[in-house]
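Notes follow the structure.
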Amino acid sequence: MSNEIVRIDPDKRLSDMVECGGTLHLAGQVAEDMKADMKGQTASILRQIDKLLARGGSDKSKILSAVIYVADMRLKPKMDEAWMEWMDPRHSPARATVEARLGSADTVVEIMCVAAK
Amino acid sequence: MSNEIVRIDPDKRLSDMVECGGTLHLAGQVAEDMKADMKGQTASILRQIDKLLARGGSDKSKILSAVIYVADMRLKPKMDEAWMEWMDPRHSPARATVEARLGSADTVVEIMCVAAK
Amino acid sequence: MSNEIVRIDPDKRLSDMVECGGTLHLAGQVAEDMKADMKGQTASILRQIDKLLARGGSDKSKILSAVIYVADMRLKPKMDEAWMEWMDPRHSPARATVEARLGSADTVVEIMCVAAK
């Protein structure tokens, strides 16, 4: 496996995804529609993760780890609803969920993950 | 080294540990006894990490990085007490400690780490 | 690529950097001068990252991912100013920025990253 680095959509702050040595590093994803609620924002993020993984020749069955930042821990069950509808339980990643204020006041969830190719 | 993915105790939310390409990704660990104080919860977490690493054919001398989330930064010295009693200083990982509200009001510390096999 | 683990400046809590299998895991970096403002602290951290990467035979064009913890999200634009002056936009990493209280009241930013060799 080569150690070549491939960057997807690099800009001056970040790349949406970086591939190296068979591992895909995804940037923290936030929802496209910030007016959606916790479940809606989470579902939007998970669709974006699907698209990014597809661009790297991978899919959600190959996610190795994920950190989920929620703006209000009381809404974690709503995040988990969208997550569990999306995730095949045989392929769930190592995961941590912690509370953190995010990039905008309307952002209630952000997910950063690492996947294999 | 194969790129096969092995998941330890996968459920609908997360796997406790995911192995791929010689790297072990551990889920964020919290203490079993939430009535314990910061030092007690940390010691409990570190015992769980020992057990998970053993299941992956590794041990604490091979931890590469760790993120430690503490619910109250003023209690970081108590976390560090348990950490330093456990850690061989020749094999300490890259580490960051930040404050974050965690999954339950009683959870005062959560640790997520990556290790080599 | 060997799975040997090399630890840079290990102490009883953490190593400043850990290398394994061609990947460099850097500890969360904070500024040397805590009296500096957000932009100054960020610039200080980025200089430290340059130095650590150089010790591992790498450089900032090979950063794969970064998590940036800011103590006050309103100051994120000042962090980004220093970041964008430093970063070659063709080589920007996957990145997430979240708000978290940090190790001391004066610490306004901490950056943890992973790089290829």
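Lettered A, B and C in written order, each chain numbered from 1.
Everything below uses one rule, namely that contacts are C-beta pairs under 8 Å (C-beta built on N, C-alpha and C of every residue); 3 or more make two chains touch, one makes a residue touch a chain.
None of the values given here were measured: they were computed from a predicted structure.
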{"item": "Copies chain A and chain C touch via same or different residues, half shared test", "value": "different"}
{"item": "Chain A on chain B, rotation in degrees - Cα superposition, rounded to nearest 5", "value": "120"}
{"item": "Between chain A and chain C, centroid-to-centroid distance (C-alpha), Å", "value": "21"}
{"item": "Touching two or more other chains - residue numbers and ranges from chain A", "value": "21, 23, 67, 100, 114"}
{"item": "Sites on chain C touched by chain B in the complex", "value": "3, 5, 7, 10-18, 20-21, 23, 25-28, 67, 69, 100-103, 110, 112, 114"}
{"item": "Contacting residues of chain C [partner chain A, same complex]", "value": "1, 21-23, 62, 64-65, 67, 73, 76, 80, 83-84, 87, 89-100, 114, 116-117"}
